[in-house]
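Here's the structure we're looking at; comments come further down.
Labels run A, B, C, D, E and F following the written order; every chain starts at residue 1.
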Amino acid sequence: MKISARNQIPGTVKMMKKGPVTTEVVISIAGGLEIVSTITTYSAEHMKLKEGAKVYAVMKASEVIVGID
Amino acid sequence: MKISARNQIPGTVKMMKKGPVTTEVVISIAGGLEIVSTITTYSAEHMKLKEGAKVYAVMKASEVIVGID
Amino acid sequence: MKISARNQIPGTVKMMKKGPVTTEVVISIAGGLEIVSTITTYSAEHMKLKEGAKVYAVMKASEVIVGID
Amino acid sequence: MKISARNQIPGTVKMMKKGPVTTEVVISIAGGLEIVSTITTYSAEHMKLKEGAKVYAVMKASEVIVGID
Amino acid sequence: MKISARNQIPGTVKMMKKGPVTTEVVISIAGGLEIVSTITTYSAEHMKLKEGAKVYAVMKASEVIVGID
Amino acid sequence: MKISARNQIPGTVKMMKKGPVTTEVVISIAGGLEIVSTITTYSAEHMKLKEGAKVYAVMKASEVIVGID
């Protein structure tokens, strides 16, 4: 599926922390940076996510805040 | 201000497209990638955002979807 | 791409209203219901969305509120 | 209360999975489809949600992504 | 309709700025504070929102970031 | 960091409920009102949030729904 979400950043799952309902997924991206996602534990299991998996961090443009120092 | 949003990705404003209410901000980040944000035109003007400005793309972990090929 | 977003509702684009930055997309789904989405006009054009197109309305579970009468 | 959220899809609670903070609610809607929501366990209890309850899945238009095959 | 969104802050519409697709609504709340919302212009018109109207600013708990100085 | 999010409401942490992945934070604001946020437990610990702490509830304008009675 191709989606309207403009932001699809490639990376690798570095760490996962599973709760009963929610799972935290830490994704390593370019430049030594990380993006953290929380998804349902159901989705994490259904997608068979595990450390080392190649993934995309996907964000809708309307969810992204802009910060300045 | 320090915020709970886990994702604060540094970058540079590459392009802005201003509408009457909403402004689209394209941010160049590491690895030749881009993150797109839509914010209010009021905020864009209030923050004096312009092309070339050093910014952060900020996303709450709960807003990030995980994709796989 | 397969995504963690649990909600992927099939439908047909019924109407589109394009603004300079944001486009409103009305999607007809099963049961005579509609789901409305706002995306960037860039995405709408890039995906070549038009009335009659077969699409999915995709929502992350954390974005869905539950209401009762 | 009448709300600005354009998407208010009627359905029935099919399954709930309660965690200490977050509860997952699976809602059956028209066409044999499902919408999944995660809300606070506090809200689930406060609203007395249970399987079989008539509910609405409510989403703001800006949260809905459009996908195509 | 009663909704699971935990945050329903009462206020008064102080200002509206209508774009072709998106309308910005500035809401005065207690303590001399303001909350800004962007909704579809369709919703703003459908709800007959205008300056001085008594409204609620409604936010899902998962959308709220916590900041500290 | 200064952020584009228009809504930054000052308050005091009244209660916290920690789960393995997600923590619920109840913030007292002006007018005897409360705003509830769910953040990752990692963030709550990293920010050393505790009851009585002075904080801001931060919301992007696009996340705020408008309700009327």
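As a working rule, contacts are C-beta pairs under 8 Å (C-beta built on N, C-alpha and C of every residue); 3 or more make two chains touch, one makes a residue touch a chain.
What you are looking at is a predicted structure, and each value in this text was computed from that prediction instead of being measured.
K.L.:
Check every other chain and keep only those touching both subunit C and subunit E; list them.
P.N.:
Touching subunit C as well as subunit E, we find B, D.
K.L.:
Could you label the subunit A-subunit D interface same or different, taking same to mean over half of its residue numbers are used by both chains?
P.N.:
different
K.L.:
Which listed pair, C-E, D-E or D-F, shares over half of the residue-numbered contact pairs seen at B-F?
P.N.:
Comparing residue numbers across C-E, D-E or D-F, the repeat of B-F turns out to be D-E.
K.L.:
If you average the CA atoms of subunit E and of subunit F, how far apart do the two points sit, in angstrom?
P.N.:
A distance of 17 Å separates the two centres.
K.L.:
Using mean C-alpha positions as chain centres, tell me how far subunit B is from subunit E in Å, no decimals.
P.N.:
Measuring from centre to centre gives 22 Å for this pair.
K.L.:
Can you list the residues of subunit D that touch 2 or more other chains?
P.N.:
Correct list: 1-6, 8, 19-22, 24, 36-40, 42-44, 47, 56, 58, 60-63, 65-69.
K.L.:
Mind giving me all the chain pairs that touch?
P.N.:
Applying the touch criterion to every chain pair yields A-B, A-C, A-D, A-F, B-C, B-E, B-F, C-D, C-E, D-E, D-F, E-F.
K.L.:
If we count contacts the way the header does, which residues on subunit F are in touch with subunit B in the complex?
P.N.:
Result: residues 1-6, 8, 37-40, 42-44, 47, 56, 58, 60-62 of subunit F touch subunit B.
K.L.:
Hey, which residues of subunit F end up touching subunit E in the complex?
P.N.:
Touch residues, subunit F against subunit E: 5-10, 24-25, 27, 29-39, 43-44, 47, 49, 53-69.
K.L.:
Which of the residues in subunit C end up touching subunit B in this complex?
P.N.:
1-5, 19-22, 40, 42, 60, 62
K.L.:
State the interface residues of subunit A toward subunit F in the complex, per the touch definition above.
P.N.:
By the definition above, subunit A touches subunit F via 17-20, 22-24, 36, 38, 62-63, 65-69.
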